[in-house]
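So that you can tell them apart, the chains are marked A, B and C in the order they are listed, and the count of residues begins at 1 in each.
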Amino acid sequence: MASDLTENTTSTAPRVNNPIGDRLFRGALIAAASLILIILISMVAVMFYSSRLSIREFGFSFIIGQVWDPIKGEFGALPFIFGTLVSSLIAIVIAAPISVGVAIFLVEQAPKSIARPMAFLVELLAAIPSVVYGLWAIFVLAPFLRVYVQPPLQDVLGFLPFFKGSTTGIGMMTGGIILAIMITPIITAVVRDVLEAVPVTQREASLALGATKWETTRIVLANASSGIAGAIVLGLGRAVGETMAVTMIIGNRPEISASLFAPGYTIASVIANEFTEATGDLYLSALIEMGLILFLVTFIVNGLAKLLIFSVTRNTVQRS
Amino acid sequence: MGNIFEMIKISVSNLNFFYGKAQALFDISVDVLEKEVIAFIGPSGCGKSTFLRTFNRMNDTIPIARADGSVTIDGTDIYAPNTDVVALRRKVGMVFQKSNPFPKSIFDNVAYGIRINRIHKDKADLAVRVEKALYDAALWDEVKDRLQTSAFGLSGGQQQRLCIARALAVQPEVILMDEPASALDPIATQKIEELVVELKKKYTIVIVTHNMQQAARVSDRTAFFMLGKLVEVNPTQKMFTNPNEKLTEDYITGRFG
Amino acid sequence: MDQRRITNLIMTTLTAACAFGVVALLILILSYISYQGISSLSLSFLVETPKPVGEGGGIGNAIVGSLILLGLASAVGIPLGIAIGTYLSEMGSGWYGTIVRFVADTMIGIPSIIFGVFVYVIVVLQQGYFSTLAGSLSLALIMIPIVTRTTEEMIRLVPKSMREGALALGAPEWRVTMNIVIPAAMTGIATGAMLSVARVLGETAPLLFTAFGSRFYNIYLDEPMASMTVQIYNYAISPFEDWHDKAWAATLVLITLILTINIFVRYITRKKY
């Protein structure tokens, strides 16, 4: 029909011939989007509400409280905050340089035919479930450390408080190492994206001045520095929230010790272990309050990471 | 042209260049004379940039690129198997189409090449060299009070002169310029062109340009490329008033391209 | 110059060592799982339910349980995720879209155990028992933001010209989206969904206090449900070597499933040059 031909066809113009269909469709989409908003708000609200008993009882001293005694009804989060922080820091210290190294190799040095399959294999590490890493840590990593790594370390560096105590293989060090393995793929993936986002002209400028490959790589790293920082922070966020592997290998003792060989306890682990056995409302409330702390910590850390990464990769596809 | 006492700086013989199976340059033979400015002109995709990049082996960064034939600088074949490419690139500097300063201060940008090549004797010497390079690039007066500020604070034209200073700092003998003013406004362009004329006193300059008036303004000789072949090379004056080839004439008068 | 060359060589070697080391670690772990797991693997293992130590038994109910939990979670999570992702790409450039996107991004970073805590409070505590429903819900909540993001990215990749071509023919916007744009992005959307499935297949923590686990075959929504991950966990932390062996065998089955999905997705999305 002639009138159809004169219809305005820009995508933002109001449609004349099917307002109801469009309205219903858009309405459905908005409803779905609103649902996710509702979910997050509910989660925060529920967690605050369920921790109110514990918040009222302990207030701020919850965070600095060192005693976790369900029988006496005394709950302090410090050992778990300590355990989470220390195990995650160990993980970052190990994983960050290695992941950056892998990313540099894959982006700057390896020929495409090697880089692509290798990148895929590194990403596969992220697909292995946490509980499987825990299983492997219990039966392979821990015994290995107990026999081949911890005794020599103690022999040489045992005068330091970090290497004192019995070397059982179960504890903070193993927890940190398994975490390092688990966060390596995500840090590598983000650093790869960030390095690839650095314009080729930066590399060309360096090479044209007579720089070696490595000197040029340093220029690329200078360009990507905030993105690399963001990747590492993202890895930290992951490490902080990891549950199963750590629970299976860290010893689950709420102690604060300077020794890397000592057992520890993380926020996620205590929730996983004691949640279903929490007798009493205060006990459960304390656990949920710890979940709230964990939630807030990961929220802040991940937010910071995204800010740093975004400043470099403005236009590229982002990974989770 | 025709002065037999002029030294040949770069000599290209029967150069064929390939990207994988696709051939980009066909049997190019041309000489570049010492301390001249020679312009490469031609329509987009004619291979002039590819050819330029063979002089400092920048094409090496592309894995499937391959050169067949000889390119000699000061008599040495730069594609010989044991060539020190890093040293070559110090001798043959490059300025790119869009300025690409490093995310560093103005001073550190210019100092970069000096530092990695360990040209300087000490910190004082480094500062002297940086100043000289900036001066030679006609940028010193504009930045002397803010050497420690970020290079990104400069205008486009200033950044490009900074890149030239950076290239000059490593004391090259040849400067390759790949459409250095194409991203700049007319005033900045003029500054660059004046700089090229000044630099020619000390350096051999090869400049790729799509702007024929620019070629006419700054170069001593001009080479016209088309579809990977060298059509004609002649003194600029002759090229633009009475070229040998009809193809050249058609391009210059705007019949195509 | 020699010193620069040496530095260059050292750094190249170091980075290569990192890369090959990490890949070697992966191969090491996978090999170990295969080696340990294969000996306890048998048909009966795949079909039977767990039994007391020394009496055999297997992960049959756990496999079925995982599939049921996954199926339910996907039935809710994937369509919802696609819908939200569609919203974000079609209508999400305003302030509301920015908020929704931010929420989705935030949820991806939340440790999965928190979802378990949430569902525990609003479902398990209210009902008074562990259930398949609770378990699937927690998994669905994990899947939604992942599918949302991948869907949005994939739809954005559909060229504007395709959209405009359909609009120019007089099609209403909703039809263009449903019949042209989403089908065009379908491979990407499907792979995103598959990856989210592979991800929640490996989840344990949220299930610990929602579906809890079970020693029996079960299909009812209001009863606890076994899953491979929880079963592996239980086997692994037990003091019995027999059960440790079973943990490895179960791991082998789980890993095979997850890696197959990942490799399949990679195969579909390989770039053809």
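Basically, a contact is a pair of C-beta atoms (placed from the backbone, for glycine too) under 8 Å apart; a residue touches a chain by one contact, two chains touch by 3 or more.
Computed from a predicted structure; not experimentally measured.
Among the other chains, B has the CA centre that is most remote from the centre of subunit A. Ranked by the number of C-beta pairs in contact, the top chain pair here is A-C. Ranked by how close its C-alpha mean sits to the mean of all protein C-alpha atoms, the top chain is A. For the pair subunit A and subunit C, the distance between C-alpha centroids works out to 16 Å. Distance between chain centres (mean CA atoms), subunit B to subunit C: 53 Å. Each chain gets one centre point, the mean of its Cα atoms, and the points for subunit A and subunit B are 48 Å apart.
Multi-chain contact residues, meaning those touching two or more other chains, occur in subunit A at positions 212, 215. Residue positions 86-87, 116 of subunit B each touch two or more of the other chains. For subunit C, residues touching at least two other chains, in rising order: 4.
The touching residues of subunit C, when paired with subunit A in their complex, are 4-5, 7-8, 11-12, 14-19, 21-23, 25-27, 29, 32-33, 36, 80, 83-84, 86-88, 90-92, 96-97, 99-100, 103-118, 120-122, 141, 144-146, 148-149, 153, 163-164, 167-168, 170, 172-175, 177-178, 198-199, 201-205, 208-209, 212, 229, 232-233, 236-237, 244, 247-248, 251, 254-255, 258-259, 262, 266. The touching residues of subunit A, when paired with subunit C in their complex, are 4, 7, 9-11, 15, 17-18, 21-22, 24-26, 28-30, 32-37, 39-40, 42-43, 46-47, 50, 97-99, 101-102, 104-106, 108-110, 118, 120-122, 124-125, 127-132, 134-136, 138-140, 181, 184, 188, 212-215, 217, 237, 240-244, 248, 268, 271-272, 275-276, 287-288, 291, 294-295, 298-299, 302-303, 306, 317, 320.
Those residues of subunit A lying in contact with subunit B across their complex are 111-112, 199, 201-212, 215, 219, 222-223. Contact residues of subunit B toward subunit A in the complex are 56, 58, 61, 63, 86-91, 93-94, 96, 98, 100-104, 112-113, 116-117, 163, 166-167, 170.
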